[in-house]
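Below are structures written as structure tokens.
You will see two complexes here that share subunit A, one where it goes with subunit B and one where it goes with subunit C.
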Partner chain A sequence: MPHDHHDHFHHEGMSPSGHPYRADDDAPLSYWQRMEIAVRELLVEKGNLTPAEIAAQIEAMDARSPANGAAVVARAWSDAAFKARLLEDASEASREMGFDIGPLHLIAVENTQDTHNLIVCTLCSCYPRNLLGLPPDWYKTRAYRSRAVREPRSVLREFGLDLPDHVTLRVHDSTADMRYIVLPARPAGTDGMTEAELAALVTRDSMIGTGLPRQP
Partner chain B sequence: MAERVRVKPLSPPGHVRAPWYLRGKEGVIERPLGAFANPEQLAYGLPAEKKPLYRVRFTMAEVWGDRAETPDDTLDAELYGHWLERLGAHAP
Partner chain C sequence: MSDWDGRRWHDMGGQDAGPVPMDGHDFALWEKRVDALMVLCGQKGLFTVDGLRRALEDMGEDAFEKYSYYERWIAAVNQNLIEAGAYSLEELAARMDEVARRGPTYGEAQRDG
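Moving on to the complex of A and B:
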């Protein structure tokens, strides 16, 4: 038994393994949390929604992941006609692949040898959730939202991406109804790879523009 | 021919989706996006008119002046037609 030492003793306020106990992180509900609960309970009480429907919707949203976007990117890398349709209307192209993206208005922006794209929402945290799932926490921070438009190349360097001077950076601020996905450039040395193999190279950050796809 | 526009330098009260840092700045229409319900009314649960929405492209030099990190890099944002003044077309 791991804790059955004969010279065993406890410091006051320490866990059996000798670390200080961490304070619980539960705090009183915020104004907005209370409002969310009140509205949800009213909707249920009035028969507009059932708790099961709300749980199912949360489950559906949690099930969306960057893998959906990676599949779209891999298809575009493999099929020139699909890529043309994606750049023309990314919502329709995503639906064509069977992704239920609801009313999402999606624009795909293409990285090339001389253009790199970066997505941000300075006003809040707009993100193509219906395709890629929930945004990473840093995407919603004031630091990312303000610095991505003010000093995007410095931000990219902090993500490990040092953009050469000859590459033009295009920053896209999702200020209204559109959502954006970056179509990264297909990495060299991937000839003959299947769509599934290609999709495994596509990272979430490469579709936001803060990274590049993995090298094979 | 890219159509030049200026974001109106207004500061009305209430919910708007024209970012502060672009007000008064000049750019070109990258593409029209169609008509969408005006968020300035939607935000208050009011019946919202459909307003034309545009993607406008600015240079970093235009947005940040001498402090731009790389002057020729660009910034695209979505702006509603009622926030834009047309400056007339010019050759790109």
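Moving on to the complex of A and C:
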């Protein structure tokens, strides 16, 4: 296939974030969409919510992305006192950086040379959404929820992470009130990098434990 | 005697399952709205996350297999709101019928859409 065609073919039907578009808005109105519209309108009419509050909440959620978590990780990599506070109380340390953590009890678990951490919610989908945004679809699947606590090394291999046998793997099961975020180990060769440069190395999956930070 | 192991269907940790499906999708507007309704109703004290969880877990495994994440969530949000007396089942039914008459797609079914 000629190269120019290949490029075009590759991007067709993909959103700016590289995901396929979901055929919702053009598909026939579904029962559950009708319910969402009805519930929302009734709540507004009864004075429980305003359209502005709903729009602001969506905007706030859209603004949350793994970049927030990456900023926290980069700060911890650069500032030993902050890292100590983060490991002591991740909710408070994140709030210190201006992130809205809500009432959640957030716990940061630290990866080291000989310990790797992985987070899961076996019961549903609890996730450090205030620092990472909404969870990826795979986090909510039966396969991940079931297997992450029983054969985590095999699950990690599916993510391309082959953990050496000598590394201890700790799996943390989240609840609605208690959520985890992984503090990945700072990659070698990053001495002298700024916080912003370090943050660019921190991937979403490295904060879930299904990946490692990028190498500089 | 039952040989039930005491687990409900949603308690999946440790069970056998296939490879992790890696495909994702961008959230649609209606899904983001469901998420926003859940968060805001919780903040306003209309129901708690435990109420949401109870409704989701009581739907059973069939709903988990059959419906998408935010389909189950709007059902759970709605159930909690009806229980809280935010509106009645009749009001919901009447409004859902009215919404259906506005147009065939999500965009057209908005009041101002």
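FYI, the second predicted complex is superposed on the first by the 175 of 216 C-alpha atoms of A that agree within 3 Å, B and C clash if a C-alpha of one lies under 4 Å from a C-alpha of the other, contacts with A are read in each partner's own complex, and residues count from 1 in each chain.
We adopt the following convention: a contact is a pair of C-beta atoms (placed from the backbone, for glycine too) under 8 Å apart; a residue touches a chain by one contact, two chains touch by 3 or more.
Here the structure is a predicted model, which is why all the values come from computation and not from measurement.
Legend: residue contacts after superposition of the two complexes on their common chain; A:L29 is shown touching subunit C, with no touch to subunit B.
In the overlay built on the shared chain, the residue A:A185 is in contact with neither subunit B nor subunit C. Of the two partner chains placed by superposition, only subunit C is touched by A:K46; subunit B is not. In the superposition on chain A, A:T168 makes contact with subunit B only, while subunit C stays out of contact range.
With both structures placed on the common chain, the touch criterion links A:K140 to subunit C but leaves subunit B unconnected. Of the two partner chains placed by the overlay, subunit B and subunit C both lie in contact with A:A176.
Touch criterion met: A:V149 reaches subunit B and subunit C at once. Judged by the touch definition given at the top, the superposed model places A:L123 against both subunit B and subunit C. Comparing which residues of subunit A touch subunit B with which touch subunit C, the overlap comprises 122-123, 149-150, 173, 176-177. Those residues of subunit C whose C-beta lies close enough to touch subunit A in the complex are 10-37, 39-41, 44, 46, 49-50, 53, 56, 64, 67-71, 74-75, 77-78, 81, 86-87, 91-92, 95-96, 98-100, 103-111. By the touch rule above, subunit A contacts subunit C in their complex via residues 15, 17, 19-22, 24-43, 46, 48-49, 53-54, 57-58, 61-62, 120, 122-125, 134, 136-138, 140-150, 155, 158-159, 173, 176-177. Note for the complex: subunit B touches subunit A at residues 17-19, 21, 33, 36, 39, 53, 55, 63-64, 69-70, 72-80.
The part of subunit A that touches subunit B in the complex is made up of residues 105, 107, 122-123, 149-154, 165, 168-178.
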